[in-house]
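Heads up, the next two complexes both have chain A, just with different partners, chain B and then chain C.
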Partner chain A sequence: MKILILLFSLLFISFSEARSPQLVVVVNKNNAIEALSKREVIDIFMGRYLTFPDGETAQPVDLPAATALKSDFYLQLVNRDEQKINAYWARLLFSGRAKPPEAATSIEDALNKIQNSQYSIAYLPEDQLTDDVKVVYRLNEN
Partner chain B sequence: MLLRLFYAFILLANCVVNHVAADEIKADFSGFATLAASYSDDPDMGFGSNYINKNRAGFSLSRESILGGQVNLSLNRNWDSVAQVVLQDHANEEFDGFLELAFLRYRPSRDWAIRAGRLNSDLYLLSEYPYVGYAYLWARPPHEFYSFASAGGHFDGLDVEYTQSVFDGFLRLKLAAGQTTTKLTSAGDKFYIDFDNLITFSASYSLEAWTLRFSASRTDIGGYKLDSMAQLIAAFRAVPTSLWPQAQSLAQSYDTEGKTLSYAAFGVTYDYDNWLIQSEVGISESQWLVSPSNLNAYVSVGYRFGDVTVYSGVSISENRNDVTNIPVPQFPPGIPEQITLPIQQLAVIAQDAVELPVVHQHSINIGAKWHFSDTVVIKAQIDHFDIQPYGGGLWSRSKPEDVKIGHRVNVFSLSTSLVF
Partner chain C sequence: MKISRNLYVRVALSIAFVAVLVSMISSVFSYYTGLQEKKNTNYLLVQQLGQTIAKGAAISAYVVDIELGQEIVNGLVSNDLVKGVILKGEAAMLIEEGIVNGQQDSIVINLFHPFIPDSSVGTLTLFPDDVYIQHQAQKSVKKEIGIMLSHSIIIAFFVSLVVHRWLTRPIQNLTDSFAMIDPSVPETMQMLKVRSGKHDEIGKLTVGINSLMQELHLTISNERALREKTQELESKFRLIFEQASAGICLLDEQNMITTFNPAFERYFTAPAQQRLASLHFPTLLNDVEKLQELLHSIRLDSTSSQITLDIECRVGDKSMWLHCLFAKLTDQRAIGRDSQSNLVEVILHDVTERAEREFQTRFEADHDALTHLLNRRSGEKKLHKALFDSLKKQHHLVLMMIDLDKFKPVNDTFGHEAGDKVLIEVSRRLTSRFNRVSDICIRWGGDEFIVGRQFDEFDHELVKQQANDVLSDIMKPIYITEYEQCEIGASIGIVVGPQHGKVLHELMVNADNTMYQVKDKGRGQVAFYQKPY
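And then the complex of A and B:
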């Protein structure tokens, strides 16, 4: 019986991890930023500030709409699901305050955008990282 | 002074634009729309979605339908520009009234932003996006609170914004100055009112689920253009004080010269998990007889079940002053009727004109918003309005006697809103 419970627990943990991989926030290797706090990531992805803390223009990149990764990112970052995020960005865009992040078509596309632009910033599953990008924040860290 | 500053800013911006490399300029186009069918069940009371739109009784497809287009122009890292046109059921259909935004913005640092041009008023929680149905819960922003505010929805001038992270939350402070001309109609005639030396201060603070907001605004009521009102004032002034002492003070009350209009508002939003609760309280003080002084407030509570949010709310707009009473003057015997009768008729017309714009009403609504897709929402809403006697200033009335009696009106609305 104990073995059964253990197996079930392992299966559940594996399943949970498969659904919610560790997400990391990445920038171009040549970006001077080495690390960001959670608040600084929120500032950039929620359109509060249009620059990195050092004053350089930030170009946030979103993963495709209606994907588990995008949903997980915003739930972990600001505890809001995609419905709320979409309404939030409609408010910011049409009040003239800020434009929403550029939408990537896939993880590969997001990686390409980071590699091609010194000031792009995106979020990815940790297991999809390449040597061309630099991790500046891990979700669920302060 | 303000105008000179504005032109100096535009001139400076022009220099900047001329020095921006073409490959730095990036244009993004976007838009929003609402297609709404609505029905107002009192044939004598015309309902409009806001103060600048046509009031209509019965069924209408145009009453609450809206189409908006926007272009965002990024010029370089410090400069950008936004223009927005919103087509809706305006009573006065001059193009200028449809231009909601046309500004140039300079960001000298990450905390500061300066805008010049056609700007959106930042008076209330929804003031910056009252026409984007996709972005809020209801079929329309609460009528008692936002209808009259639409008269000053945009202005021409400058604003300066400072933003800062404070205690894990985000603070925005804004100071704006400018002027606007509100374009309305009155009994079929075009009605223009200038609001000069408009000054608005607003502060908002967001922390997790909470947003708190305060604003205060003041403006001089400048010139106006409405033939019937000009004739009324001229008629008052022509009456000798010895015959009707009140006439000169009434002329002064109707005239805009030296009059001011002030607003203050406080709002709070709680948006956590499946709950969305929002409330605002506002107070207006007008020295002009034609513009009401009111206490406005609303509370709305929404709860989400998956893709559908159900909501309900109550709104009030209370007239803060007694309705001015203009007694029909009585004359001693011997004065010819050719003199007394026109003066007595003038008093009756003046009393009607005083009663017409007064706003005093309450409403309750219930509705549902369905997130049909990432870019489309569908809403259904029922409003029950309780309009007090001498309190239907937000409505058009088909019979003169409707001004003096109370009304209960139901408005049914079914709409789809999208962003693109």
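And then the complex of A and C:
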């Protein structure tokens, strides 16, 4: 019995590990920005700044709602679940000054948007990276 | 301002006044403490309000959303407790709403980064509305004051009710029944009504008053009885003093009359006069100096306290005799205070009549009723005295024994009445010649007379001359009636004491013998006694 519980636990742990891929924040390869701090990433994604630190316009791109990736991203970035993030945006939507990031339909769509726009910024699992994008921030690294 | 004089109203008013005063003071105190407390509470509330809204404010500050910020600020300002709000974010983010200046007490809340802990993105400054807070505090204090005042008034009302019921009314009853009492009319000093079964202070007071009054009533009654007795006694004494027939007066040390009764005044007031001629007692009487001496001696004499004396006095043109009793008075109340101030009481009454009668009686006893010369008994006594005096003073006493001649025929011829007239006339003639005070004229027997006279120096011739004068006087005619007259003679024997006898009896015998010798020799002669050899 004990062995069974131990086995299950091990299985569960290894499974969880497997469901949590490394997330990275990426921009167009041509973007002048090489790296961003966590704060700068937060400021861009949470609507504080509409520009990159160098003054260029920033267009954040979100992954589809209710996905594990989106949830993971916000948990790792600001330690809030998706519902809280939605509430945050709902509050800000009232005035209309700040807008939530544009939502992509899929990871591929997100990649497309970055490839097409020099100002876009998005987050991806590390294993989905292509040569057209540039990693500016790795989550859980600081 | 006139306040009701009723005790219970005044008590109620005082209580109400104190209660109002106390509630005022406590209200003011509670107003200020309450104000502070309320202020603190409101500050806390405002702070909590700020905390509640802080998250939204932080977000608006974070994204520099002025509209959101404005909305939040408006929401805060619309609250009664908040007067003004400042929301300050980074860069140009500064929203001010309401009154935000002129106040020291503000609540500053730090706005933190919504996603990064411990990172400030701005401040939210809240200004609590002190005026509103004060207003609130005032409102509650007003309520408090209202309650306290109504408490005070209710308490004052009930206290006055209780005071009236338990204190004022019993005291009023007591006062009313006390007012019935008039100390000048002891009959009204009745017992006050004691409320039965009441043993409070008023009951005790009533009992106390009753016992006091009883005591007082007794004292006043005794006092009154005593006074009546004294008055009665006094009126009696006054009656005695004023109605007394005897004159009574009191003399002080200077012999001045201090008190006198009506009888005294009557004695010493002349008919025409209204009052006493003098208040100095001795001057009222005849012999001033002697009386003063007498009074002086009475005062000095400690043994005898009184002395009686008949004194003659003259009031107006009337002379009278007063029987005076002088008594030294020692005022018992004055003893020890001033022993020198002894008064003298004088009681006197008119004895003029008695004195005159006594004088008359003595005169009648000593004198012959017909001739008013000394009778034999008193004459002999006087002669004894005169002889004694003469021996002592070495004077001479001349005695003439006179026997009338031819008297019996007159008696027989004209009757006894004529005889009496002769005797009276002879006596008159004798006394007119022997009229000195010391002269002694005696009717010795029926028609026998003796005349005695004292001489400092014996002069035989002078005496003989005087005897012859007497003889010639007697021999002058005597009118018996208006038309009839008679003549008589006399034989006179003269002896001289002490040459012719050292005792009266010897002298008398010698004088008698000498006179008879004259009769034998033929009458109408004068002869001196011749000592036998």
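The criterion applied here is as follows: the second predicted complex is superposed on the first by the 128 of 142 C-alpha atoms of A that agree within 3 Å, B and C clash if a C-alpha of one lies under 4 Å from a C-alpha of the other, contacts with A are read in each partner's own complex, and residues count from 1 in each chain.
Quick note on the criterion: contacts are C-beta pairs under 8 Å (C-beta built on N, C-alpha and C of every residue); 3 or more make two chains touch, one makes a residue touch a chain.
Quick caveat: nothing in here was measured; it's all calculated off a predicted structure.
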Overlay on chain A: chain C relative to chain B, clash or fit:
clash
After the superposition on A, what does A:65 contact: first (chain B), second (chain C), both or neither?
first
Of the partners chain B and chain C, which touch A:47 in the superposed model: first, second, both, neither?
second
Could you say whether A:39 touches chain B, chain C, both of them, or neither, answering first, second, both or neither?
both
Report for A:83: first if it touches chain B alone, second if chain C alone, otherwise both or neither.
first
Between chain B and chain C, which makes contact with more of the residues in chain A?
B
Looking at A:99 after the superposition, I want to know if it touches chain B, chain C, both of them or none. Which is it: first, second, both, neither?
first
Could you say whether A:91 touches chain B, chain C, both of them, or neither, answering first, second, both or neither?
both
Steric overlap of chain B with chain C in the superposed model, located at which of 239-247, 275-283 or 383-391
275-283
Footprint intersection on chain A (chain B / chain C) at 39, 48, 79, 91, 94-97
Under the stated contact criterion, what part of chain B meets chain A in this complex?
28, 30, 32, 68, 70, 72, 77, 82, 84, 101, 103, 107, 109-110, 120, 128-129, 132, 134-136, 163, 165, 168, 170, 208, 271-272, 307, 371, 374-375, 419
As the complex stands, chain A meets chain B at residues 39, 43, 48-51, 55, 57, 65-66, 79, 82-84, 86-87, 90-91, 93-97, 99
Looking at the complex, which residues from chain C come into contact with chain A?
56, 59, 62-68, 71, 114-116
Report the residues of chain A in contact with chain C in the complex, numbered from low to high.
39, 42, 46-48, 77-80, 88, 91-92, 94-98
